[in-house]
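Each structure below is given as structure tokens.
Each of the next two complexes has chain A plus one more chain, namely chain B in the first and chain C in the second.
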Partner chain A sequence: MTQLFTLLKISDGLAIQFGADGLGRMFLCLDTVMWILVGIYAFKYKEHMKHTKRFFAFYLLTYLMLAALSMAANYLTMYLCFEFMTLLSMPMVLQDGTPESIAAARKYLMYSIFGATLGLLGFFFSAHYGAGTVFTPGGLLDPAKVAGNESKLLVVAFLSIAGFSAKAGMFPLHAWLPTAHPVAPAPASAVLSGVITKAGVLCILRVMYQVYGASFLAGTWVQKALIVLSLITVFMGSMMAYGEDLLKRRLAYSTVSQVSYVLFGVFTLHPVALLGALLHVIYHSIIKDGLFLGAGAVIFTNHKEYVSQLHGMGKRMPVTFGCFTVCSLGLIGIPPFAGFLSKWYLAAGSLSEGLPVLSWLGPAVLLLSALLTAGYLLPISIHGFFPGEGEKEAEGKEAPFQMLFPMLVLALGVVVFGVFAQPLADALLRIAEAMF
Partner chain B sequence: MTGFGILIAILVPILGGALVPLLDFDARRAREYYVFAIVLATSVYTLSLLSSGQGSELVLYHLTSTIDITLRIDRYGSIFALLVSVLWPLATLYAFEYMSHLHKKNRFFGFFTICYGITLGVAFAGNFITMYLFYELLTLATVPLITHEGTREAKVAGVKYLVYSIAGATAAFIGMIAILTHGGSLEFAVIGLGDAATPENRRLFDLAFLFMFFGFGVKSAIWPLHGWLPTAGVAPTPVTALLHAVAVVKSGVFAIGRVVYFTYDAGYLAGSMVQKIGLAFSAFTIVYGTVMAWKEIHFKKRLAYSTVSNLSYIVFAFLLVTPSGLTAGLLHMMFHGLMKIVLFFVAGTVMHQSGRIYVTDLRGFGRAMPVSFATFTIASLALTGIPPLCGFLSKYAIAEAALAQGSPLAYAGVAALLVSAVFTAAYLLTICVRAYFPPADFEPWSLKSVKEANLYMTLPLVLLTAAIVLLGCFPGALQAFIGGVVPAAFPGL
Partner chain C sequence: MSLVQNVPAFSILLLMLCGIVCLVLPRRAARHLADCAIALVAAASVALLVYFLQGGAAYTYSMGEIGAPFGNELRAGMLEAAVATLFSIVTLLSLMGGRAHLRSDIGRLKVNLYYISTLFLLCSMLALVYTNDIFTAYVFVEINTITACGIVMSKEDGYTLAASMRYFIMSLIGSGLFLISICILYAVTGHLLMSNIQEAVAQLYAQGEYRAPLQVAIALMGVGLSLKSALWPFSSWLPDAHSSASASSSAMLSGLVLKSFIFLMIKIFYRVIGAGIVRTHAVLDLLLVFGILGMVMGSVNALFERDIKRLLAYSSVGQIGYIFCGVGLGTPAGVAAAMVQVAVHATTKAMLFCAAGGLMDASGGSKKFRDIEGAGRRDPYAGVAFIVGTLSMIGIPFFGGFITKLSLVQAAVTVGGWRNLLSILAIIVSTILTAIYYINVLAIIFRAPETAPTKASEKLKEEWKKQVRLDTEYEVAIVLFILLNLAIGLRSDQLMQIITTGLSMFG
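Moving on, here comes the complex of A and B:
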């Protein structure tokens, strides 16, 4: 980071500092676009909610913290923004005020704070063993101080990365996600699943590549353990999504699985895999926001929450289901839609990284999970458009335009970023290469 | 001259407090003016002493040729005196309103003010004997405050407190005698045991250390000697807040610091078995207190257990016996005082305004008492350790000191600190969530009669919370002031 803005210098080694590097800019762009689109949708969806002022206040405050997190230039600032992002997004989860939503919000709060506390452990050590505090590609640790303490630092690296992965829904700290995302109002679920989970990814990227450094972690047990955890999550999330009937929870499980695709790429510590991870951050955000907005549109206009209630709904809500289908195809990874390319790079990077077993096991799991993704998403579209013979005609009407518009934009994004991916991939490759 | 100044600072509140029951005020206004004048004058005078009278000394009289009663202002004592003299006027202001519905106000404010002088005595004690004297006096003077309500429960709590404290002080006394009879120095100006610490004496001195550590550990609420503290929560809230979160318990912690750094020293304790015992007990207490706080639903008892946990942060930091451990402990001593007094004040305000004492009964209070709960939330976040609030800084300092020390028990302490942070979030932030986000079936009219407290209560809350934020962002001056203790406690450096 070339230019730093110091908001507050607390004492030596403790400062709240911001700076813009490629990675931060990418996340900031993503956050902003998604927040605007989902915001437009929420203006209509709010008719479905109580306490709308409160909702929008926390919606904007969460955005503020996400933006600050993207621009955080050191570990302390990142930790601060991470904690406040949790605290300020939590009220969106308990928006409905039902006992389940309040319990879910608490669960979300405790998992996130537990994870952040593990992250704080990492901060203590990075402050102690670091040569500086500002995030540096290749790591900021001081080799002289590190010498002899490698094994200790590896344990801490593992714990702090696992801690931040709570936000990204990685096993074993994933359980809050399928509880919290479905109970929130649809716009909140969309940004929670599509964008806020990526904040966990960003923190992990910072910690792995810019605090410890890729070379410090490459080939260690930490890397292998993390890859195994991410692959478990990819598979487990897909399986759980496959067996879930409540649409929003199915999508939440899908998020668990898909964000771990990203983490798999991050953990592989290879530029091409990292490119795939960054691409998937963007693609999954677009796709998952589109899917959640679709699910929300069905709830808003026709009060149907379960997949089994959606037979024939596609005929009544053609635009909603059209967008939903495009997003589904993207998530499964069918070319030329967005989602194919990112998985391609993930697999290619993993294969050329050359860790024993894991380098080919990873792509295999990703492939298997893609099949499951098709299994849990396509039937929704199929039954939606082509209800079985003799089934009763579904009742219902199309969602209002103000909700359709963001979904159309997102679906268009899935097509455009899939077909004309080269400029985006080039830009992200530069970011990925700059991380090493 | 400044030597006598110390005596004035101690005697003004003691004598002034003793006069309150004698003057027997009938009018609330008159008593308030009188008490507040005494307390404020003491604070202003003490603060001026701290800035101008460092190092001044007064030998009151010689008990024997080796034992004397000495008052001295050194940097270590100044830090405690600073904390006390800032918090006392604010707590007094709060107490005026809180006590307005209770009986025997003259007795209460009499003892409340006397305790101020005695606590300053602990801070300014120049040797072990003097500190012991004021330490015992503090126990005696606080008992009437605990039993103030006169209920059976309060009396039981008072007796429990008395027995625990006197037993602890006695244990410390035994340790003191052992040192005195084997050639060690009880003067705080003389660091370490010097030539007395021969290998033959070492076993005895180790034992004496344990006696003193656990003796003063009673007031510092180290497991398993913490039992009196949650019980003493029956006292009126100003007592629980000021005495049981700041003055009394910090006297215990302060005394342990005196033992560790001024009677013994780093050279003696570093790496010793007794240091390990102390670290282990305090690390365990950190976790124990925080888990108990989480399980407790009585508002004030929950905060009391939280105090148990946080006091051990300080003791743990002290026992690292490094310069950074000492300053980190002192920093947390200051900051915990600020944070915990806010939390207790809010618990008391809730009791005073609505009579509710369980954390589960606080649905919707965020709207009913906006100022109180705003300050409560900020103090909760600070105690959890969210930057840039002050609690983060002291936790960070303790963790860094522990990492620098690097022993396995120090790492265990860091782990305890983090476990405690998670539980702190659980037992404090859930209160905030409940207060601000009541469930959909909550009916706002059920809190119609609950009003925000008046300025007597909200002003101290707002000022203290401002301090929590400002000291978290700009700790430089305070850290420099605390850092001044290092040359005195580590003359070899």
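Moving on, here comes the complex of A and C:
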């Protein structure tokens, strides 16, 4: 980061600083586009909600914190924005005010703050062992101070990365996600699942690549343990989604699995895998927002929440289900839709990284999980459009245009970014290479 | 000798004098006199702090110009001035924040006695901060004990009586041990002035004489003072005493009284015994281990508590653990971190106790969780205070609690061996537990009524509306407390500067 904007400076170690690097810009663009699209949708969906003023206030405040998080130039700023993003997005979860949603919001808060406290530990150590505070590609640790304390720092690195991964829903801190996302109103669950989980990814990227540095962590037990955890999550999330009937919770489990694809790429510490991870950040945001908006449209128009209630619904809501199907295909990774390319790069990067066992086990798990993804997403579309003989077909009507429009844009995005991915991939490759 | 150097003696004598005068004044006048006296002492302490900030050196003040070894000495440096400032400001704000409760909790005839106790309490705390004479310290320790029990007992119900008796007994055991320790030191060295004892002790240590008595003296000192400052497991008296007292009393007891003994302990370790000798003694390790246990156990107890004031009291046990953890690390950075925590906890916990008083007012006087549901909405000042307190406890940057954790971890990183690992682990565990129970409180006090309003809740609401008091004093106190917390967070650099310079003047 060449130019820094200092908002507040207490001492050299404690300052609120912002700066724009490629990574931050990418996340900022993603956040902004998603927030606008979901915002358009929410203006219609609000007819379904109480306390709409409160909802939009916190919707915008969360966006503010996400934008600040993307531009954060040092660990302290990042931690501050991260905590406030949690606190300010929590009211969106308890929007309905039911005992269930309050319990979910509390669970969300507990997990996030537990994770963030571990992240705070990382700040204390980076402040002590760092040569400066501003994020630097290759790491900001001071080799002279680090010498002799490597093992201690590795433990701290593991704890802080695992802490931030609570937001990204990585095992073992994933349990809040399938509870909190389904109880929120559809626009909120769309951004929670699609965008806010990526804030955890951003923090992990910063910590791994720009605080500790890829070379410090490469080949250590920290890297291996994190890869194993992410692979467990990929597989477990898919399995859980496969067995879930409540549509929004099925999508939330899918998020658990898919964000860990991203984390797998991040933990591999290889430019190509990192490129795959960054691509998947964008693709998964688009796709998961599309899926959640589709699920919300069904709830809003026809009050159906369970997958088993959706037989024949595709005939009643052809546009919604069309978009839903396109997004599903993207998430499974069928070319030419978005999602194929990112998984391709993830696998390619992992294979060329050359960690024993993990380098081939990773792609194998990813493949298996893609199969499961097809297993839990496609039946929704198939039964929606082609209900079986003798099945009772659901009644209903198409969603209003104001809700269809963002879904159409997202579905179009899935196609466009899948077919014409090269410029995007080139740009992201530059970002990925600059991280090392 | 410049005029400002008289501040230590002036503060102590002024508070004592006003306390005596309060006895014969009408209630209102007594209250105003107490407020003015404390405000004046706060202003004077600030002036003294400014004097040191402008480069004044630490000095010894002989009372009545009688020199050592017979005279009675005060000693002031930057740290003492800063702590005196903190104590007097927090006392004043606590009185303001709990004033409405004082009216209802304390019988009309006891109002004067309450203000006398408060003045003497502050006087004794300042004396403990300034004194350079170990026997004077003992005298003021006793005054402190009696007045502290007095302000607990002033709320007239059987519960406070039992709690304060328990407090009194535990406290007296502590002072007894402290006295025995002083006797041993006097017998071995023949001095009562702190600097003289240090010379004698260093000499004895060099010659290898009287090892055992000195060891015992250090140990008794440590145990006695940690009993009085509620180090876990000596903290069993604290939740009862602090939760049953009136709001201002709880604020002062939790916020200040415990810290005055910790400050005395630091002073005795570093000025009377000498840093080099204390570091070779096992007492620091014990303080560290019990501090760490306190950090965890206080939070665990608070986790299961369903009474807002008892929760805050258990939280104090946990937070006191942080201070002992810092002291137990034994390095100057550790002691500095402990002093930061003294300041942070004094302001935060006093604020929370005052706010808890507000919550109780908004819930028909009950402090049980099931009754204070939604109280943060009815009394927004208390609600905001609890939000700030929670953010500070979680360790959000630019709130006080963050600075404590930062300085404590940075102090812990530099010490070697098991101390380092254990204390950092304890900080993390305790932070997480603290976050959980404070967020739980927030969830309760901001809970919107779930069901249709019942008859009882309607009645409560009516009552609350009727007594919408224009209690500006309480509101001002809460706002000032919040600003103090933020000031510590935002001016942490200057605070650390004051503390480290003060510590270097201390020895």
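Keep in mind that, in the parts below, the second predicted complex is superposed on the first by the 436 of 436 C-alpha atoms of A that agree within 3 Å, B and C clash if a C-alpha of one lies under 4 Å from a C-alpha of the other, contacts with A are read in each partner's own complex, and residues count from 1 in each chain.
Just so we're on the same page, a residue touches a chain if its C-beta (ideal position, glycine included) is under 8 Å from a C-beta of that chain, and two chains touch if they have at least 3 such contacts.
Computed from a predicted structure; not experimentally measured.
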Partner chain(s) touched by A:F405 [first = chain B, second = chain C, both, neither]
neither
Per the overlay, which chain contacts more chain A residues, chain B or chain C?
B
Quick one: is A:P91 in contact with chain B, with chain C, with both, or with neither? Answer first, second, both or neither.
first
Return first, second, both or neither, reflecting whether A:Y79 touches chain B, chain C, both chains, or no partner chain.
both
Please work out whether A:K50 is in contact with chain B alone, chain C alone, both, or neither, and reply first, second, both or neither.
first
First (chain B), second (chain C), both or neither touched by A:M110
both
Can A:I10 be said to touch chain B (first), chain C (second), both, or neither?
both
Overlap of the chain B and chain C interfaces on chain A comprises residues 8, 10-11, 14, 76, 79-80, 83-84, 97, 99, 102, 106, 109-110, 113-114, 117-118, 120-121, 124-125, 127-128
If we count contacts the way the header does, which residues on chain C are in touch with chain A in the complex?
394-398, 405-406, 409-410, 413, 424, 428, 431-432, 435-436, 439-440, 443, 447-448, 450, 490-493
Help me check something: in the complex, which residues belonging to chain A touch chain C?
8, 10-11, 14, 76, 79-80, 83-84, 97, 99, 102, 106, 109-110, 113-114, 117-118, 120-121, 124-125, 127-128
Using the touch definition from the top, list the residues of chain A that touch chain B in their complex.
8, 10-11, 14, 16, 50, 76, 79-80, 83-84, 87, 90-91, 94, 96-99, 102, 105-106, 109-110, 113-114, 117-118, 120-121, 124-125, 127-128
Complex contacts: residues of chain B adjacent to chain A
381, 384-388, 393, 396, 399-400, 403-404, 414, 418, 421-422, 425-426, 429-430, 433, 436-442, 472-476, 479
